[in-house]
Amino acid sequence: MAELTRADIDDILKLIDGSDFDELKLEMGDLKLELRRRGAGASGASAPPAPAVQAPAAAPKPEAPAAAVTAPVVASGGGSEVPAPLLGTFYRAPKPGAAPFVQVGDSVTADTVIGIIEVMKLMNSVPAGIAGTVTEILAENGQLVEHGQTLIRIQPA
Amino acid sequence: MAELTRADIDDILKLIDGSDFDELKLEMGDLKLELRRRGAGASGASAPPAPAVQAPAAAPKPEAPAAAVTAPVVASGGGSEVPAPLLGTFYRAPKPGAAPFVQVGDSVTADTVIGIIEVMKLMNSVPAGIAGTVTEILAENGQLVEHGQTLIRIQPA
Amino acid sequence: MIRRLFIANRGEIAVRIIRTCRALGIETVLGVSEADRDSLGAQLATRAVRLGPAPATASYLQVGAVVHAAKATGCDAVHPGYGFLSENRALAEACAREGLIFVGPTPDNLDAVGDKLTARTHAIDAGVPVVPGGTAETLEDALALAESVGYPMLIKAVAGGGGRGMKRVNSAAELPGQLDLAIAEAAAAFGDGRVYLERFVTVGRHVEVQILSDGATVLHAGERDCSVQRRYQKVVEEAPAPGLPDPLRAGLLAAAVRFARHIGYRSLGTVEFLVDVDRQEFYFLEMNARIQVEHPVTEAITGLDLVALQLAIAEGAPLPMTQGDIRLTGHAIECRLNAEDVANAFMPSPGRVTRAWFPSMPGLRVDTHMQPGAMIPPYYDSMVAKLIAYGETREAAIAVMQAALRTIVLEGVKTNAPLHAAIMADPAFQAGGVDTTYLAGLLPTLTGATT
Amino acid sequence: MIRRLFIANRGEIAVRIIRTCRALGIETVLGVSEADRDSLGAQLATRAVRLGPAPATASYLQVGAVVHAAKATGCDAVHPGYGFLSENRALAEACAREGLIFVGPTPDNLDAVGDKLTARTHAIDAGVPVVPGGTAETLEDALALAESVGYPMLIKAVAGGGGRGMKRVNSAAELPGQLDLAIAEAAAAFGDGRVYLERFVTVGRHVEVQILSDGATVLHAGERDCSVQRRYQKVVEEAPAPGLPDPLRAGLLAAAVRFARHIGYRSLGTVEFLVDVDRQEFYFLEMNARIQVEHPVTEAITGLDLVALQLAIAEGAPLPMTQGDIRLTGHAIECRLNAEDVANAFMPSPGRVTRAWFPSMPGLRVDTHMQPGAMIPPYYDSMVAKLIAYGETREAAIAVMQAALRTIVLEGVKTNAPLHAAIMADPAFQAGGVDTTYLAGLLPTLTGATT
C-alpha cells in the first residue's frame, strides 16, 4: 500500500474529531499514527496534534492537549511548539521597524524572549521556554493570538 | 489479506464511529489499527468490541461490523462467528427433546445445519457457512435472535 | 391498555412516536435495519431489535419479522408510522391473528382505501365528487375515455400513492407511450400494473382533511394545504388552507367526514382533495389510512396530540371530544428539510451529520432524528427534519419559519433549507393560495436547475 | 447598529444569546476558556477565541482579554451574559473607552446597585420599603443593631449577590462567630469584607420584577416568583407569582419601576423583593443589572425576546412599546437542570454527556448547551439546561413540565431531574405560593439526605 498523504491524515483526523474516541494508533508498514485526545491518559511519546476544533477563522495549527499550553509541547515533527501564554496581539519585534526577537535558524535558550503579547496596552514578553533552534514562526506579527495558539516551533538542542 | 485502501479505512472508521464500541484493534498482515474510546480502560487482551447497543434486555454478544452479517466473520480470538441470517426464534434442535444440531467440539462443514430460526411458523435452517470446530454456542434455545446476532463460534479447520 | 408498543418504522416518525410514548409512560420497542441500529430512535426506545439488513424490503417491509419481533419482545401493539407497512393489510391481519393491537384502521378499511379505484367508487357512493375519469384496460379504452373527458389527462397506478408513478398526457399522440410506461412502472413499483385515467386539473390546490374516528364518532380536525409540491412530493404544508372561501372549506370538511363515515372508518386518517380554483370545486383524490408526515401543522392549530389519540382509538377508547371541542387557532406551516442538493437536481445527500442544532424558539417545533454524529443512510427517503412554525396569523408563522431557517444548524450534508428560505420569501407564497404548479415555476428562478 | 457581538460568557446563556443573534443576522464571537473550546457555543458562534485557561479567573473574568479580543475580532459590542463580568464596572468602562457598546447598564447604574448598601439607600430615597437593618463596622455596632431590630438577623456581604455568603444569626450568642465568618468569607469571595445586617424574615417569598428601560421610559414585564431555593440558590422559578394578592402585586411592580427610575436605570434589570406573607408586606432586596437566568418565564408569558430588547436598548433604540402593550398571558415555570447528585448531598457531577435529547413538545422550551458528547467541565456552575413549561393555567404548566421530565434524556452525568419531578408532584408546590423555606423542608422526605 502506498503512503498516506497529509490530506489523508487530515481526513482521518476530521472523522475521528467528530467521534468519541480518545486514542488512535495506526501502523501501516513503516507508517505509525498515534492520536490521543485532550484529557486522555497514558501518553506515549510523539503524540501528534489534537484535531482542529471549531474555530472557523484563522484557525491556527492545532496544538497538543489543552492542559499544557503554557509550556512548549512536543510536536509531531519532533519539534516543540511554543504556545501563547495569554490572548493578545503578537509582536515579533520590540518596536515597529526593529529587528525581530528571533528568526528561523536562531538558537535560543529557555529565557530568550521570542516575542511580545500586548493586551490592552500591557506588554508581556514571551520566553522560548526551551533551548534549541527556531524552525518555524507561525504567529503573524501584529495579529491576534489566542490563548494556547502556537507561536513558533523549536527543535530542541 | 491484501492491503487496505483509503476507502476501506474510511468505511471502517465510519462504521465504528456510529457504533458504541469502546475499543478496536485490527491487525492484518503488517497493518495494525487500534482505536480506543474515551473512558474505556486500556485493556490488554484482544477482547472484541462491546457495543451493548441500546437494547437493555438479552443483549447479545456483539458481532463484527454490520455489513457482513450473512457470512461467518473472523472474530478477534481467531474463531469465526456465525450470525443469524434473519430475525426469529432460534432452536438448537430439530424438535423439542431431540439432540441439538451441534455441540461444542463438533466438527462441521460449511453445509452443516447448526440450528433453525423460526419466523411466524416458518422454519429456516441455518448452515455453518464454514468448516471447522464449534467452540461456543452463544444464542439461547427458544429465544429471539436479532438479524446479525452471533449464534455460534467456530474455529476454522 | 397499550403497555409496550412495537414501532415498525424509522427516522423522525419513530422518534415522534417514542416522544408521546415516553410522556404517556408506554414502553417502546423499535424494529431497526442494520443501517439504523445507531439511530436516535434506536437509542431512545426502551429496546431496539434488528429486523434485517439495510434494504427496506429485507427489514422494514418484512411483515413476518415485525410481528415475530413484536410478540417475542412482549409488545401488545404495533405502530406502523407512515410509509413502509403502514397501510399493509397483511400486517393488520397478522396483528389481529396474533393478538396484537394494530395502531391503524381495520383490514376492511385498508381495502376500502388502498385500491384507488375502490376508493373512487366509495366516494361516488358517498356523494363525494371525483375527478372525471375511469379505468382503461386497453389502449382503445384509454383513448375513448380521454376523448370523452378531454385532455390533459393523468394516468395513475391503482395501487399507487403519494404521487408516485403518475404520468401526464397532453394529447392522443402521447397516450400510447405514456400508458405503456405507466403500466410498466406501476407493475415494477407496486407489483400491480393496473392504472386508471383522470382529467388533469391544471390549476389545482392539494387540500386534505384530518379525520379522527373511533368507529362511531367521526370528527375532522380541519384541513391542510399541501400544494407546494415538487414532482407530486409535498415540500411545504400548512393549516388552515389560506384564502379558501368558507363554503368551499365547509364542503370539503363535510365531504371528508361523509366519506370516512361511509366506509366505517376507524382510526386517524386523511382524505385528500384536489381543489379546482377556477371552478371553485373540489374532487376526491384518495384517503390515507395512517398518520401523515404533515400531522404537526394540525396539532399546532388544534392543540391535539394526534399520536396519543391514535393510540387511544386503537385501544378501543371512545373519542374524548366532540366536533365543537376541536377549535382551530392561528396558523401553522411545515417545511420538510431533506438531505438533498437543490443545486444539483435535488440529488439525495446521504452522509454523516457533523453538527445539528434545533433550538427552542418561540412558535417553532422541530421533529427530527438528527443529532451530531447521526448517519443519514442512502437506503431510505432523505427527509431529516420537519420544521413547524406557528403564529397567530399566517404572516407571523412565516416570520417564525424565516427566523428558524436563519437559526438552525445542520452540517455535514447538503439540505434543501435554501429552497425553503426562498419559498418563505417569495411574494406569491406570502400572498397565499398557490396551486400545485407553483414550485415548478419558482425553481428555475432560484437555481437555474431544471426540476 | 450592532453587527458583530462579542459574548463574554459560556454555557446555556452563550447559546441563548447566539440564538437571538442568528435570528437577527448579527455575527457572534465567543470568548471561551480552554475547557470550553469544544462547547456548543463555540461551535455555533461565527468565531470562537480562547481567552485563557480553564479557571474563570484566568479567562472569563479577564477584562483585558475580553476587551482586547472583542476589538481584535472586529466586534462592535460586548454581551456579558449573567455572572462573570456581567455587573463589572471595569468592563463597562473599558468598553466605553474603547468604543465598544456594553450590552448592559451604565457604569453609574452598576455603582448604584452593585454595592448593596448604596442600593439600599437608593431604595429608601425612592420610597421603596427595605428590611429593617443597617451596617455594622464593629461587633458592638452589630449587637446594638440586632438588639433594636430583633433576632433572627441575616448578615450579608455588601459586595455579594445571589445569596452567596449570607449567614443567619439566631441570637446574640451566635453573632460574634458568624460575623467574623461572614467578613472573612466576603473578603475571600468578593475582595470586599464589608457586611451589613438585616432582619431575617422567616416566612418570606422571593418575588422579583423584570424591568425594561431605555433611559427615558421605564416599563415592567411582570414579576417572577423564585421562592423554591436551596441554600439561597434558585431551583424553580415561575411567572406570574401564584396567589399574590392584587394590591401587593401592584405595589411591587410600581416600587420596582420607581426604583429603576430613581437611579436613572437604562437596560434590562431585575428588582428583587422579599415578600412577607404574614404581614402582606414587601421589602427591597437588591437590583440585578443584567439578564437573569430565569428570564425565559417572563418571555413565555409576555411573548417578548428580552435579549433582543437588551441589544436594541444598548444600540440606543427607544423601547418599541408602552406598558399597555405588555400583556401577560398564561403561566410559565422554569426548572434548572443541574449536573449534580441529589442523593449525595448535591455534589456536582461533571463529565461527558453520552445522550442528550430535548425534543420539541407542546408548551416546552429548553435552553441548553448540551448535546451528545458534550463535556461538563468541573470548573464552572453545574447548570446544564433550563426547562421552561408554559400553559394557559399554572396546572397546565405543571403538567407540561411533568411530561417533559418523563420525556427528555440526559445521560452520562447525574442530574437533579428527580428533584424537579418530586417538586412538581408535591401538593404544597401544586397549591402554589410556597416560601423560601419550602425546599429545605421537602428534601428530607425525598432523599433522607440533609440539605
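By written order: A, B, C and D. Residues from 1 in each chain.
In this text, a residue touches a chain if its C-beta (ideal position, glycine included) is under 8 Å from a C-beta of that chain, and two chains touch if they have at least 3 such contacts.
Predicted model only: the values in this text are computed from it and were never measured.
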> What is the shortest path, in steps, from chain B to chain D when you may only step between chains that touch?
Replying inline: 2
> Which chain maximises the distance between its CA centroid and that of chain D?
Replying inline: B
>> I'd like the Å distance between the centres of chain C and chain D, where a centre is the mean of that chain's Cα atoms.
In response: 45
>> Suppose each chain is reduced to the average of its Cα coordinates; what separation in Å results between chain B and chain C?
In response: 39
>> Distance between chain A and chain C based on Cα centroids, please, to the nearest Å.
In response: 53
>> Where in chain A do residues touch at least two different other chains?
In response: 18-20
> Which chain D residues touch at least two other chains?
Replying inline: 43, 352, 373
> Which part of chain C faces chain B closely enough to touch in the complex?
Replying inline: 34-35, 37-38, 42-43, 45-53, 59, 62, 64-65, 67-69, 72-73, 94, 352, 373, 375
> Which of the residues in chain A come into contact with chain D in the complex?
Replying inline: 20, 53-57, 66-67, 69-70, 86-89, 118-120, 122, 144, 146-149
> Which of the residues in chain C come into contact with chain D in the complex?
Replying inline: 15, 19, 22-23, 25, 40, 43-44, 299, 303, 305, 355-362, 364-367, 371-373, 388, 403, 406-407, 409
